[in-house]
Amino acid sequence: MLIGDRKQQSYEPRIVAFLCNWCAYAGADLAGTQRLSYPPNVRVIRLMCSGRVDPGFIIEAFLEGADGVIVAGCHPGECHYEHGNRLAERRMTTLQHLLGFIGIEQARVRLAWVSAAEGRKFAQLIETTVEEVRALGPFQQFPRRAP
Amino acid sequence: MSLPQVLDRHLRDLFGSGRVNSVLGAIPTRGPLGMAQLARTPEEVERFTLSPLACPNLLVHLTSKEARLDPTRFPLAVLARGCETRMLNQIFSEHGLRRDQVYVVGLAHCPGAIDPRRLSAQLPVLRGFPEATIEGEEVVIREESGELARLARTELVLERCRHCQNHEPLIDDYRFDLVEEADWIEPVSVDEDPGVEAIDAMIPIERWAYWRSQLERCIRCHACRDACPLCYCENCILERHTPCWVKRSVNLPENTAYQLLRVMHLVGRCTACGECERACPVDLPLGLMMRKMENLVREYYGHRSGLDPSGEHLLSIFDPRDTTATARLEQ
Amino acid sequence: MNNRVGVFICHCGKNIARTVDVEALRKEAAGLPGVEWAEDDMYLCSDPGQQLIRERIAEQNLDAVVVAACSPTLHTTTFRRAVESAGVNPFRLEIANIREQCSWVHPGTAETTHKAAALVRSGVEKARRTQPLEPIHVGLQRAVVVIGGGVAGIQAALDIAEAGYPVHLVEQGPNLGGRMAQLSETFPTLDCSSCILTPKMVEVSHHPLVTIHTLAEVTDVEGSIGNFQVRIRQQPRYVIAEGCTGCGDCVPACPQVVPGEFDRGLGARKAIYIPFPQAVPFTYTLDREHCLNQGPLIICDRCAQACEPRAIDFDQQPSEELVEAGAIVLATGCDTLPLSHFREYGHDRHPDVIDGLMFERLLSASGPTHGEIRRPSDHRVPKSIAFVQCAGSRDPERGKAYCSQICCMYTAKHALLYHHAVPDGKVYIFYIDIRAGGKGYEEFVERVRAEDGINYIRGKVAKLIPKDGKLEVWGVDTLLGEQVKVEVDLVVLATALVPSQGIQELARVARVAIDGDGFLSEAHPKLRPVESQTRGIYLAGTAQGPRDISATVAHAAGAASKVLGLFSHDELVEEPTIARVNEALCRGCSFCVSVCPYDAISLHEGTAHVNETLCRGCGACTPACFAAALGPRGFEDDQILAQIRALAC
Amino acid sequence: MRMLQAKHDIPKLLELMDQDRELFVPVRDEGGGRFARWSDLDLSVNEDIENTLMLAGEATRRPAKDQLFAETATLFRFRLEQGDFHLEEPPPGPSPRVLFGVRPCDGRGFQVIDTLLVGPHGGDTAYQQAREANLLVGVGCKTPGPDCFCTSVGGDPHSSDGLDVLLTDLGDAFLLESITEPGRDWLSGLQKHGVGFLHDAGKRDAERARVAQHEARQRVPRQVDTSRLPKILERSFNSDVWATVAPACIGCGACTFLCPTCRCFDIQDLVQGSRGARVRVWDSCMFREYTQEASGHNPRIRRAQRWRNRFYDKFHWSGDGRGNPACVGCGRCITHCPSGIDLVEMIERVTSAEGGA
Amino acid sequence: MTSLAYYPGCSLKRFASGCEIAGLEAARRLGIELVELERWNCCGTVFSMSSGERMHHLGSLRNLVRVQEAGYPEVVTMCAMCQNTLRQVNNEVRGDGDSLAMMNRFMDEEPAYRGEVEVLHYLTLLDRLGSEAIAARVERPLTGLRVAPYYGCTLVRPPSAGIDDPEDPNIMERLLEALGAKVVRDPMRVECCGAYMGVSKPGTINVRASAIHGSARNSGAEALATMCPLCAHNLDAVGPAPDEPALVVFYFTQLVALALGAKPEQCLAATQRVDPRPLLSTKGLLEEPQP
């Protein structure tokens, strides 16, 4: 479906989520095993650690039609690789401010800590993010037009 | 217009003593910009000038692919002002070059470098390469027929000189005072940055409207990337095919991705020297983004790039007290 | 790019099929670029399901597989084996989680199927870009260095040596034994401590595979799991081990009398000495620090004269040895909080205020008073003793926040032993809570509590006031709600357990983490208590935290079993999804070196190099590298970008 | 055919032009000016037309070239459905347009591009269609820019080469002169509708135009003898004069992307999911990647080699098909070179270094 | 001659005048001129610190304002209770800008206190001079005099306002050694002397005094030395039960003045119940110092 078309029809925000394998992804699985329900707008990419998320991925997601991005890792101090989440924190903060400076609402990029035991928190994270991004409206700034 | 005697002899001695194989400096050109030139022999040194009009981008020629293809130019002496030594520190801390490859001729008491665009905007009638000196808070332009103009320093100097924190070189192997100690008055550096503050004051829609009109004009000629002394990758991801981060088509989305990725690769490294903005043939205000990120990184993490030749990279380390992003979101 | 991808969609009974239109999903998957075959099945994880995949791979000559089913955490290994047995590299398998993260959490609408399709597309895009990866095989040095010659180190060394692997047991002191050797009896069985320790020490000293290094320290550790290079620095003993028969003639000849560290300063020893009669190795040691002969100048050689086998050599020099080892066990034990820490109890100025370990020496037959309990000040048998519990423990403001676990038990033992020795003696035990959690522990404390003359007073002691030869103990009895003042002859502080001297330096050298209290920090407090956060380095005993002897032995045996697990294979097999550097693109900026939590990346001639055994594949280095010159196999940039493109539209 | 048009009525004239053909005009912007669609502009009534549409002073920094030889042009689109490949019909050709305010050097630029992208040995359909669909209405340079040297390369501030109609600034009005057949038809069409503000021009006006054109020619700031260059360049390929640019040039594409005669391009396939498009994008011989071979070898890896190649392409290998060099002397690459490299200075240096023999 | 602001406090002008006289004399002999503030008022005593009511602390704050007015960076006080109260109020207002602002607003007739004054106890001042400097000025060393320093509470507690370690203070021990005296380290030296309990339960003071005197005597002391007028009152004026022997209770400044060669009458105020003369004469400390 063309990106442009999707935007004009009833606007359902498209969120791309980068989840760290040990905590956030396991938290998402737990939300599943607990049969919680949350909006289907989020598409998950599993990475070994939130420290693997390159700011370029966030930019690529917006280019390719995402309206919001979630990066979720382990709580500070619980990272499976010691401090991957602390590195993600600096990268996401600097990126959020750069995007903010050129006019992308900072709430479109969300960094959160979800442990493997927080299925409910994961579901809430998705709900609040979808609602927030829906309020911001579709990402109009620089999505790639269909070739 | 050539170099002062003391400096001229010192540079020639460097050749004689075999301490350097080449000297990188600026020579006057027809227009008021000056051109980087590499002196390979002592004789060529006399073509150099210290005029504040001739302050082209020298450091890019230390880390460029050209430099890597011509190792015989090292060890190389470079005439470097305070801000340029800060960039050198950053290059050394990233092992772009080894400290022993560069003989740093520190130009101390730097009164500032003149921005050719601002000069020609103020003095359109200017032709050729006049003699210019900076005295205190004034720039004096002289022709053979005497004084052509006397203009305010802050109006003419480069953006980085208006916020200059390093009038003295941070590192040097030899120090030369541009202004005699006696009549050296520390120029006024302003903190506020009207350009950045103006955008900070805007709401997101206005900000995007502004940046949209700018980024649409980008012609993707890579001048900003090629002018940056810190952009010395073998195969820059902005040009790479597999994987392709930025597509070749020149339109708003790809131009925005190009600039965002370029800026994110310089966060914590960029010393806000403004060469990218100066090089841009369509005058995109790239300096705004670089200075915004440099302020942010100093304010949030107390990080100033280029102060310590063996400093840590901002995004390679962390501080337990970093809680800016998540704390804001967690409340 | 793999262009013959097979997509297998699982119904998972009704779990997926209830909300995802599997048929529509299959049809859409079949049309995806690069997909050669798409099929759905009721239970892919079942044997018939696996068989189906194997057959289709052969039939359709597939080069990569996408399984759209449950979370990869469940069946990744099963599907990898199935795919591998059909000739496709196991790392060319990609699992799309359309159950936990799709069918279970969304209603049965078209949007759910559309999301499942996007997840499958993402899986396909990644599968098309996977590379065949082979696990990395690393040679393994099947030898161990155990640091610390206490009961923990001995137990670990014995268990490993019994399994047939050589052990280097490195002890800082002149002889093995550690803390346990200083004890008289052990609770709750009141076994004589050296009686149960000595056989173990003898066994380990005679074990052909155990090399004992006493008066030795580890000064440097290089390399990584499977291939450590450990530098051991041997201090001179000035007594030739082979020559010394242990006759002890040298001791009376030695004029120099010195306070004995083994007896915690209560007894004296000569400059040439052996700490306790059952010491292993049973060789005397000349303490040149206190010997009259300082430096090369030899002015007194009485011990040499008296030594019939001529085993004394004044100019022995320190030596170093480099040992190859596949694993290291840290069993450096613990110490007690020094008396000087307790200002309100008069610092260490009053001789009759001692700590639990000193009381053990008084009780010990080989101790300074040969087992008779005598006061250090005037050597009289104390008629009354006050035991002060939680001295420094459970005291976050001025001491340690944690409970040292063993003091309640050894104080009860001290009280009982004192009661046996001095039946009419009076005992006051000032405690805040009695913690007796081990087997038979509570019963032991009840038995002690029932003895007459032993008074358990619940309250902390505020002050010790020396008063005409006795010590007035100012305390409180919180159960009666009144202040208590008791005059006693001797006060024993049950001081907090703290990590042993030099642990900071050793941890730095071995690059292992230390927790806030200075104990070695374990990989996971509940599930991996015997492993450190550094692979190949294991923890045994109180070096990791306070515990009693039985727990220490169990902990040490656990560490040994981990080592044996490591050595059970003839080589180390490492997950191949680790970082790989593209030398042509690397600029040698070393941003990756400082970001790696495992120091796995180092610069060689200006190019980054990844140590394959240390790298865990977290990928933190990749975003740090602005030249995009390195990345973890299995999570490369092009794969993730393709996934983003597949998911976002 | 000649017409006269008072300056203050220019907006009416432009409005008229925009009727049957889509009008594009030069617009001043923060980046030194570029061509934009007239209907997109919302000019206020008392706008200083001459300044906004850059009819006087310097030319637009981005040449008119990017209106005909677009920076990114989609050649065709394709789709992959159920495994087979569908080629979508190519996008329709450009509708007829008028490019008003083209400077003579840009006009001559098109002649140079035509030699390669149009003509007997094949050509670029996208460019050819654009070339035919666009009517070029040039405006002479009353005050050339600081680095112009068009007279030294066979050009002139009021050259009509490549243009259909040429305007000359007479001070209070413009003289419109048709040059080509289509130009004349278009001008007469205007004349019918432009009653009231477009008047026939007499011989005296033509005379005033000749005088203005002569004065403009004197104001071309820089001159250099390029006649002996083709000969000199035959033997100076290995001269070390080229090394003088190496230390300064940073290898960016600014000069080529601002040059009205550069016409190198690259073809790329942009794919998204199962849909894609083949696009032609500008390329630059100054990029290292331009001559990067799959083997890893790069025949022109050094900047001096690349700069020399550009110089040879302009002054030796190609031309405007009429004996003039491929450079039209607009001076943009001199004014906007980030490293301050001066083409005219280099011409003088090459001539003096190698011209001796 | 360095000069420092000096806040005497009420007791030193009346009951504890001996302490002040000796203190000023000793300071003079050490080259320090203590300039008494022209205007000062009661420090509010430790009693005022019992409630958190800021208005009760105005007394001390006014004194600090006086010091600030006089332009001195530091103010010295001899009385243990005054230094405790002044220090606690000083710490309190420095730590909490709002309460300082409120109190300044309340004292609208006074200039606002900026919080830059340091409160210095006499003993800390001597300690800062250092044992060698004091020993050099000793003319009549107190050899043979066995003295047990007694700190009481307000000199060392609470730690934020104390001048030494609350469990194991050593400042008086150091100074006494410099003066040549035989120091006795009595364990009861930081136990309470009963303070104001004498008012509501008169008997307690005798009990406390006999315990303190007894412990000091047991430790071999002949005399106690204190810097708190209330402790001196309880230990000396009230003292242990009549039938029990009582040690001589000196103000520490008296011993310092004596050692530095001051005339005995300057060092021995009339208020001491247990006459120190017999003890001092046996030690030969009443004669003129030999040059």
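First chain written, first letter: the chains are A, B, C, D and E, and each begins at residue 1.
In this section, a contact is a pair of C-beta atoms (placed from the backbone, for glycine too) under 8 Å apart; a residue touches a chain by one contact, two chains touch by 3 or more.
Because the structure is a prediction, the values reported are computed rather than measured.
K.L.:
Can you list every chain that touches subunit B and also touches subunit D?
P.N.:
Common neighbours, subunit B/subunit D: A, C.
K.L.:
Which chain lies the greatest distance away from subunit C when centres are computed from Cα atoms alone?
P.N.:
D
K.L.:
Taking each chain's centre as the mean of its C-alpha atoms, which one ends up farthest from the centre of subunit B?
P.N.:
Here the answer is chain E, farthest from subunit B.
K.L.:
Looking only at C-beta pairs in contact, point me to the busier pair out of A-D and B-C.
P.N.:
Taking the two pairs in turn, the one with more contacts turns out to be B-C.
K.L.:
Taking each chain's centre as the mean of its CA atoms, how far is subunit A from subunit B in angstrom?
P.N.:
36
K.L.:
How big is the gap, in whole Å, between where the Cα atoms of subunit D centre and where those of subunit E centre?
P.N.:
96
K.L.:
How many angstrom lie between the centres of subunit C and subunit D, each centre taken as the mean Cα position?
P.N.:
Distance between chain centres, rounded to whole Å: 75 Å.
K.L.:
Suppose each chain is reduced to the average of its Cα coordinates; what separation in Å results between subunit C and subunit E?
P.N.:
54
K.L.:
Counting only residues that touch at least 2 other chains, which ones in subunit C make the list?
P.N.:
Where subunit C meets two or more other chains at a single residue, that happens at 595, 623-624, 637, 641, 645, 649.
K.L.:
Please list all residues of subunit D that touch 2 or more other chains.
P.N.:
In subunit D, 270, 272, 279 touch at least two other chains.
K.L.:
In subunit E, which residues are in touch with two or more of the other chains?
P.N.:
As it turns out, subunit E has no residue touching two or more other chains.
K.L.:
Hey, which chains are touching each other here?
P.N.:
Final set of chain pairs in contact is A-B, A-C, A-D, B-C, B-D, C-D, C-E.
K.L.:
Touching residues of subunit C toward subunit D in the complex: what are they?
P.N.:
Counting only subunit C, the residues touching subunit D are 30-33, 121, 645-646, 649.
K.L.:
Sort out for me which residues of subunit A touch subunit C in the complex.
P.N.:
1, 3, 12, 14, 16, 25-26, 28-29, 31-33, 35-38, 40, 43-49, 51-57, 60-61, 64-66, 80-84, 87, 91, 123
K.L.:
In the complex of these two chains, what residues of subunit B are touching subunit C?
P.N.:
94-96, 232-235, 237, 240, 242-245, 265-266, 269, 312-313, 315-317
K.L.:
Which residues of subunit D touch subunit A once you look at their complex with the stated criterion?
P.N.:
By the definition above, subunit D touches subunit A via 74, 77, 270-272, 275-277, 279.
K.L.:
Write out the stretch or stretches of subunit C touching subunit B in their complex.
P.N.:
584-585, 587-592, 594-595, 603, 606, 623-624, 626-629, 636-638, 641-642
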